[in-house]
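Note that chain A is present in both complexes that follow, paired respectively with chain B and with chain C.
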Partner chain A sequence: MSDAVEAIAEARETRASGRAPRRRARREGHGAAPYLQAAPMALVFLIFFVLPLAATIVVSFWQYTQYSIEPAFTFQNYGDVFYGCLRDLPDLCTTFVTYLSTLKFCLIVWACTLTIGFTVAYFLAFHVHTLKVQVIFFLLCTIPFWTSIVIRMISWIPLLGRNGLVNQTLVGMGVIDTPLEGLLYSDFSVVLALTHLYTLFMVVPIFNSLMRIDRALIEAARDSGASGLQTLTAVIIPLARPGILIGSIFVVTVVMGDFLTIGIMGGQQIASVGKVIQTQMQFLQFPLAAANAVILLAAVLAGVWALLRLVDIRKEL
Partner chain B sequence: MDTRPRSFYVLAGFFALFLLFLYGPMISVLVLSFQGPEGGLVFPMNGVSTHWFDKLWQGGGQVEIGGALRRSLKLALLVMVLTVTISVLAGLAFRRRFRGATLLLYVAIASLIVPSIVVSLGIALEFRLIDDAIKAIGMDLGIEWIQNDFVSALGPFSSGLGAHLTWTLPFGLLIMFAVFNRFDPAYEEAARDLGATPWQTFRHVTLPMIAPFLIGVAVFGFTLSWDELARSSQVMGADNTLPMQLAAKTTTVTDPEIYALGTATTGGSILLVIMMFTLASLLQRRRQRG
Partner chain C sequence: MTKAQAVELAAVTKRYGDALAVDAISLKVKAGSYCCLLGPSGCGKTSTLRMIAGHESVTDGDILIGHTVVNEDPPAQRGTAMMFQSYALFPHLSVAENVAFSLRMKGVGRDQRISRAKELLDLVSMADYADRKPNQLSGGQQQRVALARALMTEPSVLLLDEPLSALDPFLRVRMRSELKRIQKELGISFIHVTHSQEEAMALADLVVVMNDGRIAQAGPPREIYNAPRTPFVARFIGGHNIIEEGGRTITLRADEVSLMPPGEAPESHRAAKVSDIEYRGPDVRVSLETERGEELTAVLGERAFFDRPLDIGSAVAVGWRPEAVHELSAEG
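Showing the complex of A and B:
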């Protein structure tokens, strides 16, 4: 992650300084101004992001009773989270099962959004030739984004429900005799809803990367005798990596921490890490929830780190 | 005129399917919100009416939204104003070198990546600790109103506002980067050479040039806050925002009133986006003429 951020910062700085070296030299004198200008944002992040994370880490070592939390330094909460995890092997404990289930959704949704997102971005970048049509198509893709995500989730009910449109159609066509039960409130509907919600976040960065590819490179590949598939795998996909990476980080981190979509579309029956934290909050088991949050945070950062290892982002930007 | 390759038609078909995938569910909700008074949650339509919109408007149905709607609107407007102001200021700061710039950028991007439930939990914990501290102080110093009336510092306009800002500000900052990367500082230099003070330069040169993009930031700030749910979940105290109210209703609602609400809010946000972008293009055109 640090690599990515530094790369962005560097790219930004070289661009800024390359354009206006004179301005910088002249402005260097106004010492306090940038600090005052950055202060409100720094303050908001300090109070509502950095300190809360610190509070979470601290409280994860505290003790709790039914109605209060007490300062302490105990690993009890972490022990409770992983209770029985080593003892019961090879059987999996609840925590491992929950993480595996979340990981499963992560991988499936990642594969779906990446495939669909890349194909759509490829179409928009290489087959739509005028800027105007590209903008129109993009607007078409983004309009649903302006709707509440809850509405976008419940809008599947009339389609997938027991008496929904899909079942009505299938029964009507005589494909099945009794309506399918597993369409709504199942793994399937969770994956469908997550893909529906987040594919756009794949399309935008991949499209951005594809648009930066020098078209002469593709011509050159074709002239050298590469087939369409070879051009795609040897030229286009490697050059689209930064976009694929940014989209992947977004989708993977969102799904890892998701509790709303899995909750609503899973009919509150499917476990996820986020949902465990939410439930523990409701029962006022704050230190336990904090320990779970710290573990989730570590898992997400590990996931981002693993994704970043796949490519050296500094070379790609 | 060259003929399109076959892959074009395959991909165009795929894109059309993608659009159908995006819009299909929304359209079904749109249609079903006009169910007749006897209609249910699924097709077929049982007559066509605006019954459910009337019911929503009059209140007293299954979906009680009055308070949550006003609260969400106020919060979203406040978040919008703060997001624009703070992002512009930070964007200006990032045009120069200052110590901690990279750290601030790190934190902003981390704020996007860290799962919302973790942020929400963290803010809730922080405010709980603050509550305990305030109550302890009230006890020690014998401050009457704290002992009697103080319940919690958690609320939509304290912790809730902060939670929303951790979500909108990174987007605002990234947009400002994109804006200032394409910004030609020659105009500002000209203004300064003509004797303008820094404030005059900003007010009469920089601000009019970036104004159309600020509308983009404002739209982002408003809609991200208006729809925010994950980060709101633990930090609103005793109050609910509209998305929270909606999410709570999903399991209990049995009539199409919720679809009517869906259609109404969707229509509202699309209208807002269209208005804002019209305003942006008007500003852009006026600037180009002037």
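Showing the complex of A and C:
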């Protein structure tokens, strides 16, 4: 949460001074002190991120039986993941279907969070004029994160269930005769829950980008005869690109790896890559799960790389 | 290029909540003239300009461009173009695309609008930089681009918001003459906001001195300098001594004050002591304190001063020609 507040504060500061704060940071500090300051985080990263990741990659080449895993160097696991994938073409194998399904959610959720996130960020940046009110609205946006993920998921049930509020209301109003079945445990509910969860990840970076836009630019566009829509597409959106990109990376990476939300909101009926990995782990097929994880990681990194190709982030930050 | 248009303000007022920024000002700027709105910060000059531009709503009164009341028109329909103080160049677009922006908004094709942009970049001597991004340009270059972009809409009135304030002094003087040249070449009306009286004097056909949301005086530069109406105008323009004499408030230009040895001048008006001497190159500025406790400033030519040099503390007789006296109205 404090991230959001910091982001606003920083954006305001940048706007006021017109100079990126990073320039100040670069001048300070020589010698060992900065490295010591960074050391704790680096250590945490090393022990809890780099090492496990390396272990996962190593294990993905190991062999396993029903009750043991053994060091080896085999591509067997990767072969198993894509078993039958080439042979069955044009029919898609399970792995491809699962990836496509996850990718589908990824794209839909990305589109939804981007649309809603941009709109909210635009409102906060251009229509709310005081920092205090902006912070209050940001706090409102974070309310979904005040409860545990499971409680949040469960609380959708009385709303969307067969006899939930939405169905009762619609039937009561006479809009529909029989309750809608597809509200809960469906693609719809998965997209709804994911969008609800991750829109904030779009709002914050986009807001940050929008706050950096010199308001005189918008007047200059108007002065040149641009309509509101033209100003949006020719000036505001291009200048918000870094924020849109960062938000997109957040959302894409999180949704690609999600299995909890898709599992619960999909009624455990919708396959996802994360779910596959989790299941394989339950059956103690660690090397197979590891191979799957490495493939997922590669897919996500490829996605991020593609996004980074769109925007030179170092130049635009 | 479109024909120049006159701009007329009729009792134009701007309120921000309870604060009165512009208080019922009326002004006529002739077509094709160079008008400078001059005043200290907070005097309402920028608000006035922004109302003419259409970036600020008018609380009361009318703004006419040509013979049309434009109060409700969006900026692009007024035939005005604005050059912003911070230049407001689009950082994501090349110089040429910045200049061509208004054509792009009209749906003009890329090749056509870029070639038109190059013509205007030629006018401001920036054609070689067409493919650069704004952040690769110096302040002076950015300003030329901003000027070219403003001219792209073929305005009949160009509005400039403190265009020279961000430049270093040398560049400021150069850009000043360039602005004047372009204004003459295009023959359109310029309305230029500045807090520098030197800038206003150098550029304007019509200087409008503003204070507290009102026009203190409007007239040609020579008239403003030689015959300031109020003590405020005299002080703001500078180079004036404001003193009381015979129950009147009069002003006396610092370069009209002559200093003589005491006793040598029968027509002297004041006896004074030199309190400070400032050498400025072409002339010397002598600060004086009279016996009555008034502070006066005399500006003497360099040669004239060193023919009869003075020291701090010297006693002098202060004199002036009767024609040099200009009476001020009491208010302001």
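The criterion applied here is as follows: the second predicted complex is superposed on the first by the 277 of 317 C-alpha atoms of A that agree within 3 Å, B and C clash if a C-alpha of one lies under 4 Å from a C-alpha of the other, contacts with A are read in each partner's own complex, and residues count from 1 in each chain.
By our rule, contacts are C-beta pairs under 8 Å (C-beta built on N, C-alpha and C of every residue); 3 or more make two chains touch, one makes a residue touch a chain.
In this text, all values refer to a predicted model and were calculated from it rather than measured experimentally.
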Inset, instruction - Would you check which partner chain A:Gly243 touches, where first means chain B only, second means chain C only, and both and neither mean what they say? - result: neither
Inset, instruction - Mind working out whether A:Pro205 is in touch with chain B, chain C, both or neither, as first, second, both or neither? - result: neither
Inset, instruction - With the two complexes superposed on chain A, say which partner A:Arg222 touches: chain B (first), chain C (second), both, or neither. - result: second
Legend entry - chain B or chain C, by number of chain A residues touched: B
Legend entry - On chain A, positions contacted by chain B and by chain C: none
Inset, instruction - Going by the contact rule at the top, pick out the chain B residues touching chain A in the complex. - result: 4, 7-8, 11-12, 14-15, 18-19, 21-26, 28-29, 32, 41-43, 85-87, 89-90, 92-98, 100-102, 104-119, 121-126, 128-129, 159, 162-163, 165-166, 169, 173, 177, 180-181, 185, 188-189, 198, 223, 226-227, 229-230, 233-234, 242-243, 246-247, 250-251, 258, 261-262, 265-266, 269-270, 273
Legend entry - Complex interface listing, chain A residues touching chain C: 214, 216-217, 219-227, 230, 234-235, 238-239
Legend entry - chain A partner contacts - residues on chain C that touch it in the complex: 53, 55, 74-76, 81-82, 84-86, 88-92, 101-102, 104-106, 149-150, 152-153
Legend entry - Contact footprint of chain B on chain A as seen in their complex: 1-2, 4-6, 8-9, 12, 15-16, 19-20, 22-24, 27-28, 30, 33-35, 37-38, 40-42, 44-45, 47-53, 55-56, 59, 69, 116, 119-120, 122-124, 127, 137, 140-141, 143-144, 146-159, 161, 163-165, 168, 196, 199, 228, 249-250, 253-254, 256-260, 264, 268, 274, 277-278, 281, 286, 289-290, 293, 296-297, 300, 304
